[in-house]
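Written out below as structure tokens is the structure these notes cover.
Letters A, B, C and D mark the chains in the order given here, with residues in each chain numbered from 1 onward.
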Amino acid sequence: MSGVVTLKINGIDVGAQENETILDVARENDIFIPTLCYLEGLSRIGACRLCLVEVKGISKLLPACATTVAEGMEVFTDTDRLRKYRRLIVEMLFTEGNHVCSVCVANGHCELQTLAQQHEIDYVSLPYLYPQRTVDASHERFVFDHNRCVLCTRCVRVCDEVEGAHTWDIRGRGIESGVITDLNQPWGTSVTCTSCGKCVQACPTGALFMKGKSVGEMVHSPSFLTFLAQMREAKK
Amino acid sequence: MTTKLPQSQLPEEEILRVAEQEQEEKSQYQRHIYVCMGAACLAAGSATVKDSLSEVVDQNGFAGRCAVHGGGCRGLCAEGPTVTIEPDDVLYGKITPQDAPDIIKNLGKKRPLERLHRPTDRPFFLRQQRIVLELAGKVNSERIEDYIASGGYKSLLKAVHEMSPVEVINEITRSGLRGRGGAGYSTGLKWRTVAKADGHPKYVICNGDEGDPGAFMDRSVMDDYPFRLLEGITIAAYAVGAEQGYVYIRAEYPLSVRRVQNAIRQAQRLNLLGNQIAGTAFNFDVQVRVGAGAFVCGEETALIASIEGKRGQPRPRPPYPATAGLWGKPTLINNVETFANIPAIIRNGADWFASIGTEKSKGTKVFALTGNINHSGLIEVPMGITLREIIYDIGGGIPNGKRFKAAQTGGPSGGCIPEEHLDISMDYESLAGIGSIMGSGGLIVMDEDSCMVNVAKYFMEFCMTESCGKCIPCRVGTAQIYRILDNTTRGTATLSDLEQLEMLCDMVRHTSLCGLGQAAPNPVLSTLRFFRDEYLMHIVEKRCPAGVCHLHPEPALYNDTKESVR
Amino acid sequence: MKATLALPSDDKRWRMVNATMRRHGYSSSALIEALHTVQQAFGYLDETALQYVAKSLRVPLSRVYGVATFYNHFMMKPGGTHTCVVCLGTACYIKGSPQILETLEKRLAIRKGQTTPDGKLSLMVAHCVGMCWLAPVVMLDDDVQAEATPAQAATKIQEWVSK
Amino acid sequence: MAKTLVIDPVTRIEGHAKITIYLDDAGEVQNAHFHVTQVRGFEKFCEGRPFHEMPSLMARICGICPVSHLLASAKACDGLLAVRIPVPAANLRRILNLAQMIQSHALSFFYLSSPDLLLGMDAEPAARNLFGVAQQQPQIARDGVRLRQMGQQMIEMLGGKRIHPSWVVPGGVNAPLSAEHRDKILAMIPEGITTVQRTITWFKGVIEKYAPEIQTFSRVKTLFMGLVNGDGNLEFYHGYLRLGDAAGNIIADHLDPVAYQDYIGEAVEPWSYLKSVFYKPQGYPAGIYRVGPLARLNVVNACGTPLADAEMPFFRTLDRQSSFHYHYARLIEILHGFEKVQELLHTPDILSQRVRAEAMPNSNEGIGVAEAPRGTLIHHYKIDDNGLITHANLVIATGHNNLAMDRSVYEVAKEYVKSAHMNEGMLNRVEAVIRTFDPCLSCSTHAIGQMPLQLELIAPDGTVVETLAR
């Protein structure tokens, strides 16, 4: 059985189970930490670096989603430094892809857009990289617009960890990497895709959406994942 | 000269017998000729040199008096192929097959052949201190018997017979040995963590994914002293309680792969790997895993992913591999040079090792000395030696009367050391103090004709193409930093770009997931620190002081259609 | 117990691939080793090979593709008859290998990483071939061109391409 | 000495264009061209996008008449779905388009052109703007602001956003109209009608002052094209294309917009990035025609609403060829707009919940037509089997008018520009004729920023003789 620890987040004393992460505890206590690659019900990869927090006595910034709490820990989630870094990270995402909110199916329901609003990004100071990317509309029901992909790999993980199909993975590496279907083939020709749509629901942006949706009409609802994860846990 | 091991005999006795037999055989010969079979000399044609030497020996009736062996690196890589003649300790360089008759005829004469002779009483040799490379090329890298005859495997036998695992760990801890892969974490502490960790089985991994451009120390160790490496790994496995080991070698080193695989087979044959090693209850075996061209796999969690057959992407630490590594089990990862130090420490004792080097950085360090330097090659020096000694005494200074400008250590994760710091002590703390790192041992000397902005751009392009792409700061940040540096070298950058450059470097450094990203800005920050005026000249005056960059202030397009066969 | 999959064809090279996988007990961790063998045997990884390896090791197709494209060493297309590798290691870089590359790209009218349309030559780059003392280094197949100049390298490849 | 005179940019229009006037050695105008100088490439960059994005993407062509592009685009997408959209949805789209027309016409007439009309073509350039109008004729300025505001408010209540609504979707609209919004719009209409009628009365009183301009602006004889409904009356959303000639004869009727390529040709001229559109049966460049308010009222039988139709007899007395009368036509259309919106809001099923036909694409090609304030828009898309755009062709109002504008510039320059006594007022008249068309160049090409007007006298060898900065 796990024990109970006490720690401080932003100067507030909070109690937690010893196997919880900083993010879990912060959310339980209504302390906001931005996230992007994190999605409840999926494995935690600490890749987007938006949930980085400062911990007293540790020089490195730690990802709240993947760092377990410890007794006496003093966590700071909203320092000037963190805000500066987070803003730059979000800005970089806008430069990396081709994001045009005004014509996007997820306009108004987009986690990237929300992050930009939360960080008061009214302009992007870095130059856009304008990658040449394509839209894969070969699937009967869904579309993957790679221009809007932020490589959070939620689709990859939900497909592997929850659906068990592992239709998605990442091709290449670095700035050239991208999400692929099977052997980098059109989604509609995938032999492994079950068309369950979990990836579409898990997507934080307008990269994955249901065919036929117009601008602003794609509302993602990944909350079912929590239930699925709990059900599976209960069955074990 | 193959030795069959009768199962009934006690292993330790058998090993001693092998050593004696080998020595006896060797003593029949008056002269032993070691032709370097390291990658450098092989590339320069040492294999044919060896063949012609053997041929001449046979033809001229020297057989029985003189033996020709494959040997290892003497460090003078630029002088390859090299040949060492024992017991005279004569070193010849730049040998061609046509030189064989002269060499053989000259054997036993007082004076070595003048035109080929490379005196070993020069500072290049005298200022070095060899622990890792102690066998100095005079051992056959493909015959375990030769290694044993040279004193090999005594340390392993000592460890497993005379020391408990805890004692081995204590000895290593006391020696002050720090990881030679770059970060410099205490090896003994790391071993202790793995030894104490819950979980079974445990693994030992040797990181031979030497990826820094301009570094080839580990390759040399793997090529020339594969048995010594295995001995070190096996001692480590004994100390931490591991049963399986992996040597992860980058695909670019096919010779290393062959030599280590050969060494594993021979060690297995003599029961120095396998079950009940040397008659004890200790079981341990090793496999080679070949990398496939990804710098990031030098990062330990990425390397583990690669051994597991996955994309080599790192994951957040903690948990560290010491508690949850390969297949989630406690795993010890050390670099090649670290393991290669182990047998000497066990044999000579922690105090001996700790007496070498500085207060906090013990022992020696192998450097690959290259660039604008007279004697490029592989050197091993005590920690704490100054950079000036390395460059001017050992390296023989800068060629063509040019001026020293900077030395780069630590590769894409390191920094540049300018002239004013030439007297810096080469140890972990001092290097970190001026924004560089010890790194794995690449030491690239640059003269006045090198443009530091261009060098920074070079390393950033490297990091950009080697970024695994998992975390955003490294994936996009390196591309954005590269773009600014590229614009600077083209003459299209502005002062506000310089500001943005510093902002991006700060962010990438502090927010990236793994060491690759965290260290990627180092070459930029270091050159900005010591050569800021060069940046300003590119930006403000649109001029490259070294004359390397072609500045033409039209806006450049990013992404000049990179295509590859992949 | 895993049943061995039928080989994709009676090309003997598939047996080598299968042998590698068998040696590793058809474990998914043998993926990279298997791909190495495919590349050794066939020179590059095609779809048939990826499918075969994926099914034999029971690794998802997309993961096989992801791994194959993550590592520089693996080629997804056949290379040229000859390979010219320009070393872009640090020592070579500061001693002028970028100029060699530029010259060769212009002369061959292809970019780094590409193969000439007639399939005779692939122009590749390496981040250090580990022969820094010979910098700048150009590898022409197995031949090491030490202290290369743009003109030398261009002359040498000209022979290959014009044959 | 021969000279070339360049007006760059043309001011108080939407977008960026320049005018070049070529003078001969005697200082007489030899030729003149209207250049649209920048490429926008909309047609190119929508390739590869999902067609569902097209209405919103196309609405981004222009911040002035996004709704018309939205509608032409949505109709082309309806064609890709091969559905007939629910009647209430079509009516809601109609209302949206009319509201858009009201605000855009108000902008053109009051903001862009009324300074010329009220203050005079030769007035001081610094005062020749809406602020100058506000000082001299505060009521006119207020009316202009109010009319535009009403148009925008209606759009907002329908589409959710004042500019660039994403309410219109392939197959209909994505939300029904609420009773609350219907009532609010209805409540606005009487004020709108009164306001525009006040302007009409004023304008009719001053038209005669511009007799010289009216005459000069009529020198180019062209055909006219506009959309008409089944009764041959004014229509902005859906119907047939009709062409009339300079004498008022209908020369082509019941033209199916879907077959536009049979009778509309697009030529490329070296002086402009904007395609020159012509009526095919009469050839190029004889098939020159105009679109927009003047053209529409010239070809229709009637407006179809009582108050607007009451203005038609006076309109019919005017010289149908003079581009100057675009202004008056614009005011009549505003009036018609209010009336028509009122009528449509009273249709019984306007609050229906069924406003969208859901379908997957059933055709690989779709063509949509709508009347923008400036004239006819044609959107033509082709998609692959996955619904991604493979080809897009847009024929926009300013394209139809391109040839007519080019020739009008020449005629006006001939009349007013004399190099010996060059003055700013002359040049303003050259620009004014362009403004009558209310060209939307941002639609047809690409606008980057705003530059000060610069007049350059350029010698035949290309050297700049003189530069006048405004």
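Note that a contact is a pair of C-beta atoms (placed from the backbone, for glycine too) under 8 Å apart; a residue touches a chain by one contact, two chains touch by 3 or more.
What you see is a predicted model; the values in this text were computed from it and never measured.
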Neighbouring chains shared between subunit B and subunit D, ordered by label: A
Of B-C and A-B, pair with higher C-beta contact tally: B-C
Centre-of-Cα separation between subunit B and subunit A, whole angstrom: 39
Intercentroid distance (Cα basis), subunit C paired with subunit B, Å: 24
Inter-chain centre distance, subunit C versus subunit D - centres from mean C-alpha coordinates, in Å: 60
Cα-centroid distance, subunit A relative to subunit D, in whole angstrom: 45
Touching two or more other chains - residue numbers and ranges from subunit A: 170, 172-173
Shared-contact residues (touching 2 or more other chains) in subunit C: 63, 66, 69-70
Pairwise touch network: line, ring, star, complete, or other: other
Subunit B-touching residues of subunit A, taken from the complex the two chains share: 45-49, 52, 60-61, 63, 66-68, 84-85, 88-89, 92-93, 95-96, 125-127, 129-131, 150-151, 170, 172-177
Parts of subunit C lying in touch with subunit A, wherever the complex brings them together: 47, 50-51, 60-66, 69-70
Subunit A residues touching subunit C - in the complex, by the definition given at the top: 160, 165-173, 180-184, 191-192
Touching residues (chain side subunit B, partner subunit C) in the complex: 39-40, 43-44, 77-78, 211-216, 219, 251-253, 289-295, 306-313, 368, 370-372, 376-377, 408, 411, 442, 444, 446, 450, 455, 458-459, 462, 466, 468, 561-566
Subunit A contact footprint on subunit B (complex, rising order): 294, 296, 311, 315-316, 318, 464-473, 475-480, 483, 500, 503-504, 507, 510-513, 558-559, 562, 566
